[in-house]
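What follows is a pair of complexes built around subunit A, which joins subunit B in one and subunit C in the other.
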Partner chain A sequence: MDITINKLQAVTVVELAGDLDANTASEVQQKVISLATPSSKILLDLHGVKYMSSAGLRMLLSLYRHVTANKGQVVLVGLAPQIYKTMSITGFLNFFTTCETLESGLAVLQQKS
Partner chain B sequence: MGDRDQSLKYDDEELESLRQDVAANVLPRKLLETLVAMARSSKSHEMLDATLQQTLNVSTELTRAEEGSIFLLDPCGRVTNCILSPTEPPLKANSDQLDQALEGGLASWVKQTQKIGLITDTERDQRWIAPNQQQYTARSVLAIPILKGEELLGIVSLLHSRPHHFSQQTADLMQLAADQISLVLQNARLYAELDRRRALLNQELEKGQYIQRNFLPESLPELPNLEIASYFKPARMVAGDFYDVFDLPDNQVGLVIADVCDKGVGAALFMALFRSLIRIFSGQTQLEGLSFHSEFTSVLLDKLSSVPIPLEAVTFAQKSERQPNHSQINALKAIRLTNNYIALNHGDLGMFATLFFGVLDPKTSLLTYINAGHDPLFILQDNGQVKEVLNSTGPALGLLPNLKFRIRQTYLDVGDLLFGYTDGVTEARSQGGTLFTEKRLLTVLETEVTSAQAVLDRVAAEVLAHTGTASQFDDITMLAVRRKSFSVT
Partner chain C sequence: MKALTVPGTLDALDAIAEYTIAAAEAANLDPDTSYNLRLAIDELVTNIIQHGYKTADQTGTIRLQAILSDRALILTIEDKGVPYDPTQKSPPRDLHLPPEHRQMGGLGIYLAMKSVDRLIYERVGDRNRNIVMIERPAGLNYDWSEG
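Right after this comes the complex of A and B.
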């Protein structure tokens, strides 16, 4: 799992590449949760994630809880169709703003302030 | 013999140089080969003894000793392993006997001084105490301490029946080898420790597995016009998947299939929690003779059901506009209560489960259910065609407090089969990494249904054939309920 973290103005862009599963989720969680500081704006770019297991969803749930507790925002970008479907079935889509492209994701985060 | 004759022509200096070379290169290589070979073999519990044996063999070969022994000590200086001869298997003596072997004599001197003990003639050295009851008479002895810093890891003793067989040069040679032997012994000891701990851990997991099996129904209820079958194959020793079938008040039957997020022990602990909460909150478990839905317990429930959902808010599949069965609706409150229990008490862990909970009336075959974020269940006709898909009616359980779950109803006709599975089926991977997929599952299901058990057996066989020799990636669980034709009796 490759994790790249970049700051684009007020937005922290986290780019993940690889499978997000039981083997990789805890490492991602450790790195990403620490970014959820008060009023933080996080964009999770999942274009490079082809497979996400429930361990990955668990990571997303923890991230969501941390971000909302800190009055921040999180946007998911580039969900593979299968991941989108899983998130739909499990109700995760109700909690997350999702966008197709990095640009549209950034626009959402920059407009909501 | 020609080679040996040739070797006799070496002068002392050459011979010494050759031996130094052996000590510096051949010995470590031989020991390392043993270590690698043993580490690769599955018999790692035998590795320590084999390493000791090999160490002793190489040492006797190098010094041309006739006999030898090796003792391995623990950090307190007690003997843990020993080999008393290069030719005989390790001795299984009790540790007191072994400790005595190192008392007094040369070994004791080496233990105290941590120096190489060289006795060129045992008849002229007070440090030598001849062992009792031994036919072999040693006249020349070399005892080498194997050290790790200041800790004595072990002692290698070498014997010869001729005085002056071992010289200061032999002692120097073994001094060079001692560091290599020390490394090998340290590694062997680490492997032995690792093996011991792995065995302990496995034992714990086996106990966990045994207990977890107890959290699955011991047997499935047998009802006159229903056939219920299940399949459960965890990927690891303990699983996050589970299914449940249990009796509920008013002769209803509770049906659960669920998948707790993530894997391993954490998922297994939550499996136990989810399973028990559903049973208790649905009224399966009677507390002190009271159903959980009593005045007595209502106070306890207040906190958990902070947003009561009035029955009117319940939505039904349009297909059946039957009167809601209140016993069934009551049992399904377990979903809201369990969701809130998990989210309020364990929210920090981010654990959740996708869970289908259906309550079936065996008499009318009315099925009232909530599908909390689980993969769809199917109702199949007797020709294997999908008649109805029971999609998710709410989010997975435990995400956040006070989430809404819609209740739906359907009806099993005679011959209909309710089929539930976990994603271990559709996401089963072949060796090449391709997934089994829902599409494939539906194809496999599309065959005349002879019995619930036969359907599960067929799907299981297909999934296992698909994964082949690839290691099982996720737990595989299935549940099937078939409404049989009315029995004439």
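Right after this comes the complex of A and C.
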């Protein structure tokens, strides 16, 4: 699993590449949760993730809780159709904001303040 | 296909995914069905590693065997962890709840059950046996009827 972290103005862009399973999710969880500082704006770019199991969902739920507890925002971009479906049947799309492209995700995070 | 035996540790998930994908390719499954099969096997095996072998206080092995017939791809998972029947697990009740009221886990077996046509559990001696079944499209007729 490759994790690349960049700052784009006020937004922290986290780009993941690889499979998100029980073997890789804990490392990702540690890294991304440390980014959930007060009022943080986090964009998780999942274009490079072609597979995600429930371990990935657990990581996402944990991230969401840390971000909202710190009055921040998180947006997911580039979900593969199968991952979108997994998030849909588990109800995760009810609370996660998702966008197709990096640009649209950045726009969402930059308009909310 | 030749069976695969791996240690019951998370490091083995890659080899298990590789084996499952090869079985899906041999069965000529479409990409969505193939993905679902990988998800189901991954979730079942992860559950065995994290719960079956953890509480048994021992490391054991996991054996995967794919069998291909005209009608179905059957993948059998065997382990010697604590007895556990995933088909008896009730679906999560908090799927509609907001994130602050949800449990952190409990989705893996649910996803596995949702992803395959059939999941059968058997206890055989000191082993758990999970049998995952995926129906295959029925040859040329399938193409015509869909086309």
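The rule is simple: the second predicted complex is superposed on the first by the 113 of 113 C-alpha atoms of A that agree within 3 Å, B and C clash if a C-alpha of one lies under 4 Å from a C-alpha of the other, contacts with A are read in each partner's own complex, and residues count from 1 in each chain.
Simple rule for what comes next: contacts are C-beta pairs under 8 Å (C-beta built on N, C-alpha and C of every residue); 3 or more make two chains touch, one makes a residue touch a chain.
Keep in mind the model is a prediction, meaning the values are calculated, not measured.
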Simultaneous placement of subunit C and subunit B on subunit A, clash or fit: clash
Partner chain in contact with A:F95 - subunit B first, subunit C second, else both or neither: both
Which of subunit B and subunit C A:D19 touches, first, second, both or neither: second
Touching partner for A:A55 - first (subunit B), second (subunit C), both, neither: both
Which superposed partner A:V28 touches (first subunit B, second subunit C, both, neither): neither
Partner chain in contact with A:R65 - subunit B first, subunit C second, else both or neither: both
Overlap of the subunit B and subunit C footprints on subunit A, listed as residue numbers: 22, 53-55, 57-58, 61-62, 65, 89-91, 94-95
Residue ranges of subunit A touching subunit B (in the complex, touch as defined): 22, 25, 53-55, 57-59, 61-62, 65, 88-92, 94-95
Subunit B residues touching subunit A - in the complex, by the definition given at the top: 240, 259-264, 347-348, 350-352, 354, 373-376, 391-392, 394-396, 399-400, 403, 423, 474
Complex contacts: residues of subunit C adjacent to subunit A: 10-11, 13-14, 17, 32, 35-36, 38-39, 42-43, 46, 49-50, 95-100, 102, 104-105, 107-108, 110-111, 114
Subunit C partner contacts - residues on subunit A that touch it in the complex: 19, 21-23, 51, 53-55, 57-58, 61-62, 64-65, 68, 82, 86, 89-91, 94-95
